[in-house]
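Multiple structures are listed underneath, in structure tokens.
Okay, so subunit A shows up in both of these, paired with subunit B first and subunit C after.
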Partner chain A sequence: MLRTAVVMAKKDLRLEWRARVLLNQVLPFVFVVIVLFAFGFDAKVEILTQVTPGLFWVTTFFGLELAVSRAIAIEGENQAQVGLVMMGVNPRGMFLGKVFAIVVEVLVLEVVLSAGIAVLFNSPLHEVALLAGSAFIADIGVATVGIVLAGVTEGLGGSLLPLLLFPVVSPVLLSATKVWQYGLEESPAKALPWSELLVGFSLIYLVLGILVYGVVLEG
Partner chain B sequence: MTDSPQGRLVARLRDVTVLLDRFPALVRCEFDAYEGEVIFVQGPNGSGKTTLLRLLGGLVEAMTGSVFVFGRDPKTEARAIRREVSYLAHAYQMYEELSGRENLEFFAATAGCDFDQALEWTHRLGLIDRDLGARFRVLSAGQRKKISAAIALSRRCELLLIDEPHALLDQVSKARLDSGFTELARAGRTVIVASHELDRISALATRTYRMSNGSATLVESA
Partner chain C sequence: MSRNAKLKRGVGITALVMIAITFWLGLYVTPPAEVMGNLVRMLYIHPPMAWIAYLAYGITTAASLLYLWKRTRRREWDLIAAASAEAGVFFTGLTILTGSIWGRPAWGVWWTWDALLTSTAVLFLLYLGYLALRQVPMSETKRGVRSAIAALVAFIDVPIVHESVYWWKTLHQTPSVLNPSMNVEVHGSMAWALLLGFVAFTMAYVWMVWTRYETSKRQAELADLEVEQAIRERLAVEEVRL
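So, the complex of A and B:
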């Protein structure tokens, strides 16, 4: 399973690097969002600091959604996924590989986004380990649900994924936003219950995803 | 499951009907395949050839009747069956932005294909290293088909389901592919080929089924 996951993730990352979909579509969006917010709130640093967690996770969610759609789309090209199913490729390995590739792609996006926020909002990032750790775990939670839902809604129209994804991952996004808020306020102790909620939901989603993805693929 | 003087029974369909949406793609279909055979499935477009292959691979389900592949029911044991099956489909089932060689490597690492054998197949079918180094999307339709075929033929399995293998190929490649089917059958594998190339496949098939309106009729045995 792990070997399949590694090969799958390497393949997805290689395809993304060559097609540069995330780079070309999300990074300009990230740049526009940061610049517009910076101009919109002018030099009101305290307001910018307050909106940073929400802004960060709205933008990241957009990137995650696009990365999930892209991860599913590349398997639809030439019916590659049918080939994988037909050849009995381990579905759990496929699932983990896809989740891992999405998380890596979105982490890159988050690094750029964080740097942009720090520079343009004049908002130094405190508690970096907490922020980075929570981002990593939340990415896993959202990517996990995204891959499963994208598989379920495949063929039912692309507009269903965003509609279904947000309500299901809202516990992850809300707790990640709170962790970021307390992290930026240098109050890591307050972030603890939210961190536990974040880890709990992401772990449940990951385990459920591993268990059900094979059934989703067969469907 | 009983075997016969023809060898070990690999697949058996009895009174099978398959509906795709509401369209009856297979109707009361009967079909047998034994170890080491090359079976030719012929018939006009829409007669049910591809559905028959997909049914044997567990990609579609029978509404009525019984289906057994290696003594297993694809409805409940599709994954176990697929470990013993290779399927060359109409679609290339490859990644456009990977090179031919990278596609071979990927399927070798995940899907039980023998990389060296796949490489050998591509060379036998007339591809050179330069072709394999190019992105899949820039290759011609025939070159793409050859890479897909190489992967399907190099998979370590007992049953090969081959759908329209000659489409898009030049005459030399068609002949090499046919000799490959014969070699695989001699090695004890079962090869089921759906094709419109009547003369070509008839010459090497041990048995031929003619499909018409979703039903299969055995027309000859070698």
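So, the complex of A and C:
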């Protein structure tokens, strides 16, 4: 299973490296979202500083959703997924590989995004380890359930995925936002219960994803 | 009329009568509450509706699990899951609506971003998404499997909704009936009105799911017949050609 996961992750990352979708489309898109938020809050830095954690996670969610859609779409081309299933490739390995590749891609996106937000919204990044750790765990939570739901909605139109995904991952996004809020306020102790909630949900989604991904491929 | 249809009609009429009695008890027989006054009357229907929403999503999840398991995979489970989810969305909507009507005089607002209210709204959206997924044209098995997975994922929110009042110390009070100690904090005629409300709305839910399930089953059987008819016609045309 782990071997399949590594191969799958390498394959997806290599495809991403060649196609540069993250660089050419997702990154510019998230910056458009940041600018739109700035317009929405009348470009008032004091308000933007206050709402930075929420803006960061909403923007990251959009980026994650694009990454997840792409991860499933590349398997649809030339019926690659059918081929993998026919060859008897371990679905759990495929699932973990895809999750890993998405998490790596989104971490890159988050590094750029947080730097952008720190500069544009005047929000210096404190407690970097807490912020990075919570981002990593939240990415796993969103990517796992995202891969499952992207498989469920594959070929059914683009609007279904966000409709299903956003409500499901809202506890993860909410917890991550709170952890970031306390991290940016330099109050890491207050972030502890939210961190526990974040880890709990991400774990539940990871286990659920591992259990049902084989059935998703069947469907 | 078949025995099945008579039984279903009986359930429907009983539900209707019991709901009418709940309203009569709630509006005329029970006294105003000590703190809430007449606002308490809304609570004879609001918690039962929320209970039905939980029950409906629980049934959807159980039926989805049975559909996903290949040994028990039958069209009926998929149709029951869908019928129950529709009833669940209907009752979640009513829960939000009755809560909002109660909240206006009690809290001074129609809506507040309280943890319980927000998680209930998220639950509503989740199952709207589930129903939207079911509306997309695809093969029956594909729809059954995909929507069953979506139902499993969506059900994770149900315990969050119920526990949110404990986890986040919300504006919304803790449950008076479905609390961890199962100690009902309502007494006298008020307790009877509330109990009747729970039974009445459960009966209404059973009738709704039963009716919807039968309609969906007939639709599916009709679609099968149409496919068979189309195949027969096509074969007849081929035979004439040969």
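Annotations for the structure displayed:
Everything that follows uses one rule, which is that the second predicted complex is superposed on the first by the 204 of 219 C-alpha atoms of A that agree within 3 Å, B and C clash if a C-alpha of one lies under 4 Å from a C-alpha of the other, contacts with A are read in each partner's own complex, and residues count from 1 in each chain.
As a working rule, a residue touches a chain if its C-beta (ideal position, glycine included) is under 8 Å from a C-beta of that chain, and two chains touch if they have at least 3 such contacts.
Note that this is a predicted model, so its numbers are computed, not measured.
Once the two complexes are laid over each other on the shared chain, residue contacts for A:Pro171 go to subunit C alone; subunit B is not touched. By the touch criterion stated above, A:Leu84 is placed in contact with subunit B alone, subunit C being left untouched. In the superposition on chain A, A:Thr153 contacts subunit C only, with no contact to subunit B.
In the superposition on chain A, contact is made by A:Val145 with subunit C only, not with subunit B.
Legend: residue contacts after superposition of the two complexes on their common chain; A:Glu218 is shown touching both subunit B and subunit C. In the superposition on chain A, subunit A positions 218 are in contact with subunit B in one complex as well as with subunit C in the other. Within the complex formed with subunit C, the subunit A residues making contact are 145, 148-149, 152-153, 156-157, 160, 163-164, 166-168, 170-171, 201, 204-205, 208, 212, 215-216, 218-219.
For subunit C in complex with subunit A, the residues that touch the partner chain are 68, 122-123, 125-126, 128-130, 132-133, 136, 138, 141-142, 145-150, 152-154, 156-157, 160. By the touch rule above, subunit A contacts subunit B in their complex via residues 3-4, 7-8, 11, 14-15, 18-19, 74, 77-80, 82-90, 93, 214, 218. Subunit B makes touch with subunit A in their complex at residues 57, 59, 78-79, 82-83, 85-87, 89, 91-98, 102, 106-107, 109-113, 155.
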